[in-house]
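What follows is chain A paired twice: with chain B in the first complex and chain C in the second.
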Partner chain A sequence: MSTGHEAAEQAPNAGAYVLHHLGNLNSAGHPQTAIVDFSIINFDTLFFAILLGSAGIFLLWRVARVATAGVPGRAQAALEILIEMVGNQAKGIVHNEQSRRFVAPLALTVFVWVFLMNSMDFLPVDLLPALWQKISGNPHAYLRVVPTADLNGTLGLSVGVLLLCFFYNIKVKGLGGWVHELFTAPFGNHPLLYIPNLAIQIIEFMAKTVSHGMRLWGNMYAGELLFLLIALMGMAFPSLPIFGGSLLWLGHLITGTLWALFHIFIVVLQAFIFMMLTLVYIGQAHESH
Partner chain B sequence: MEQVFGNVALACGLIISLGAIGACIGISLMGGKYLEASARQPELMNELQVKMFILAGLIDAAFIIGTGIAVWFAISTFLK
Partner chain C sequence: MYLNATLFAQLAVFLILALFTMKYVWPPIVKALDERAAKIAEGLAAAERGRQSLDLAAKRSAEAVREGKEKAADVIAQAEKRAEQIIEQAKDQARVEADRIIAAAKGEIEQEAMRAKEDLRERVAELAVSGAEKILRREIDAKAHAEMLSSIGRDL
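What follows is the complex of A and B.
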C-alpha cells in the first residue's frame, strides 16, 4: 500500500524506516526520548484529532440541517440508524433521563470521532508523511497521521471520560455522598476499612482509565505497525532478482489489502467499544452503593 | 548487548504468547457458548452477536495492550 518514496530516495534500512514513521511531529523537533515528558506537544496528533473532530461534527450538522420528516435520503437514513443505535445503548446503560440528554450525544460524538481518527489508518502509510516532507521542504520531517495510534491521544480521551465520571459522581451523589462512598464502598462502613476502601476505589478508577485508553491505542498501534511492515515488504523488491522481487511486490499488495479489510472491522469495533465503555463508566458514576 | 537483545526478544515473545493463549481461550469459550445459546434460542441471535463482539473487544484488550507494549520494547531495542 506504500510507494516508499522516502526509502527509494535515501535507501535507509528497515529499522530507520519504521522508527521514522513512529516519530511524532512535535515541539521538540525530534522523537521523544523520555517515556514521560509533558513539555513536548505532538502537533500532528493534535492537528489531525481536531481536524477530524471538526469534520465529523460538520458532517453530522450538514445532514441534520437538511433532514426531512418525509422520505429520508441515504445520508439521513444512515445517520438515523446510527443515532438510534447509540440512543438505545445509552438508554440501556445510563438510567438517568436528565444526564442522558448530554451523555447520548456525547457517545455519538465519541463514536464518530474515534471512528474517523482510526480510519486514518486506511490511507497509505507513506502518503501524508511524503506530502508533508515535500511541503515543509524537510526530507526528514516527521509525521504520524493516526491520532489514536499515539498513546497521548487515547489517554487524553480516556482522562476526559474520567473527569466526566468525577463530575457525575459529584452531581448525582453530592460531594459529601461521593466522599462517603469512596471511603465506605466496596467493603463496608467501618473505620478500619476506610483506607482499604479508598485504595480499592483509586485502583479501580486508574485501571478503568488506563485500560480504556490503552485498549484503543494498542489496537491502532499494532495495526499501524503491521501496515508499516507490509510497506517494507513491498519496498524490498529491488533487492531481489526480478521474479522474487515481483513476488514480494505482489505479496505486499495482497497482504496489505487483506489487512486493510480486516482492519475495517477492528476500526469500527474499537470505536464502538470505546463508546460503550464511555457510557458504562458514566453509567457507573450514577449508581450508588 | 547481545544478552540484552536476547532477553528482550524472549520477554516480548512471552508477553505476546501468554497473552495470546489467554485471549484465545477466552474467545473460544465465548464463541462456543454463543453458538450453543443461539442454537437453543435462534431468536436471540442478533442481540447476542452484538454483545459477543463487545466482549471479544474486551477480552482482546489485555492481549492487545501487551502486544503494543511488547512491540514498543522490540522497536526501541532492535531498531536503534
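What follows is the complex of A and C.
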C-alpha cells in the first residue's frame, strides 16, 4: 500500500505500474508471454512458498517436539486447538482411519501454509519489490510476494491433491476396481455407457482440480490487484491540486485500511476452504459408487 | 495467469511439507492429547473411587462410634452394679463385725458388773461383820443380836 520510489516516478503510468507488479521474478528474466511454458520457473513464488512453508511447519515442529501430556503451554494449547479442529474435520469427511494418518496432517499443512502464503498480502505492495530492486541493483527488477496469487502456486497444490485422489482410488478400490468405476459410474454398467461415463469422470476430475486451484488463486489475485489500485490512488496525489490530492491520500488511507481488514477474513476463509476441499476430494476417492 | 515449471516444484514442496508434518508435528500432539484425555479420565475415576471410599469410611466410623457408645454404657452399668454389690457386702460385713463387737462388749460389761457386785457384797459383809463386832464388844445379847445378825446376813 505504500508508494515506492520507482512507482512514484512512474505515477502517471498506472497501467505500467500494475503490469510490472504482476510480473514474476523468473528464470526468463522478463514476464512470461506464452500461457504455458514449462521451461520457465518463478523464483519469487518458490522462494516465498518454501520460506513460509518451512518457517510455518518448523514453528509447529518446535511446539510439537516438546509437547507434554501435562499442563500445555500457550503455544501447545494453540496448536492443539488447530489440530483438534483439522482432526475433527478429517474424521467427519475421510472415513478411513489409516488414510487419516496422512490426510489429516496433510490438511493441517495445507491450512497453515496457505494461510501464511495468503498473509503476504498484508505487507505493503511495494515494500518487498522496492527492497529487492535495491538489493539486486536493478531498478526494474520484478518480484511478486504472494505465492497464492500465482496460478502455479495454487494449481501445484490442487494437482497434488488430484494425484493423492488417484493414489487413494487405487489403494482403496484396487486398480481394476477403480478402472471399473471409471467406466461404469455415474450412469450405470452398460457397454453403450462406457464412453459417456469415462468422459464425465475425466471432466469431474479436471473440474475439481482446476476449480480447487483457481478459487484460491482468483481471490488472492483480485485482492492483490485491489491493493495495487488503492496504492495507485494514493500515488496520484502529488499530480493534483492540493485539495484534490489530499482527498486521494485520505482515500488511500481509508480504503487501504478497510480492504486490509476485510482481507484478514478472506485470507483465513480461503485457507480453510482450500483445506476443506482437499479433505472432501480425498474423502470422495474413498467412496465407491 | 501463466503456467510454468513452478507448478511441479510447488507440488513437490507440498508433498514434502505434508510428509514432514505427518511424521514430526502431528503424532506428538495427538499423543499428548490422548495421554491427557486418559489422565483426566483416570483422575475422574480416582476421584469417584475416593468419594466412595470416603462414604464407606464415614459409615464405618459412625458404626464404630455407636458400638463404642454401647460398650461404654455396658461397662458403666456393670461398674455401677459391682459398686453396689461391694457396698452391700461391706455393709453386711460391718454389721456382722459391729454385732460381734457389741456382743463382746456386753459380755465384758456383765462380767465387770458381776465382779463389782461380788466385791461390793464382800465389802458389805466385811463392814457388817466389823460393825457387828464393834457392837458385840460393848454388850453381848446373844438373843437379841443373833436375830439381827441373821437378818443382816440374809439381806446381803
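Quick note on the criterion: the second predicted complex is superposed on the first by the 285 of 289 C-alpha atoms of A that agree within 3 Å, B and C clash if a C-alpha of one lies under 4 Å from a C-alpha of the other, contacts with A are read in each partner's own complex, and residues count from 1 in each chain.
The rule is simple: a contact is a pair of C-beta atoms (placed from the backbone, for glycine too) under 8 Å apart; a residue touches a chain by one contact, two chains touch by 3 or more.
What you see is a predicted model, and the numbers here were worked out from it, not measured in a lab.
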Query - Partner chain in contact with A:119 - chain B first, chain C second, else both or neither - result: neither
Query raised in the report: So, A:225: does it touch chain B (first), chain C (second), both, or neither?
Result: first
Requested in this report: Could you tell me if A:19 is touching chain B, chain C, both of them or neither one (first, second, both, neither)?
Outcome: first
Query raised in the report: Looking at chain A, which partner touches more of its residues: chain C or chain B?
Result: C
Query raised in the report: Regarding the shared-chain residue A:60, is it in contact with chain B (first), chain C (second), both, or neither?
Result: second
Report summary line: Dual-contact residues of chain A, meaning touching chain B and chain C, are 217, 221
Query raised in the report: Contact residues on chain A for chain C in the complex?
Result: 24, 26, 31-32, 34-42, 45-46, 49-50, 53-54, 57, 60-61, 63-65, 67-70, 72, 76, 79-80, 83-84, 87, 101-102, 104-106, 108-110, 113, 147, 150-153, 155-157, 159-160, 163, 217, 221
Requested in this report: Using the touch definition up top, name the residues of chain B that touch chain A in the complex.
Outcome: 53-54, 56-58, 60-62, 64-69, 71-72, 75, 78-80
Query - Contact footprint of chain B on chain A as seen in their complex - result: 14-16, 18-19, 22, 211, 214-215, 217-219, 221-222, 225, 269-270, 272-273, 276
Query - chain A-touching residues of chain C, taken from the complex the two chains share - result: 1-11, 13-15, 17-18, 20-22, 24-26, 28-33, 35-36, 39
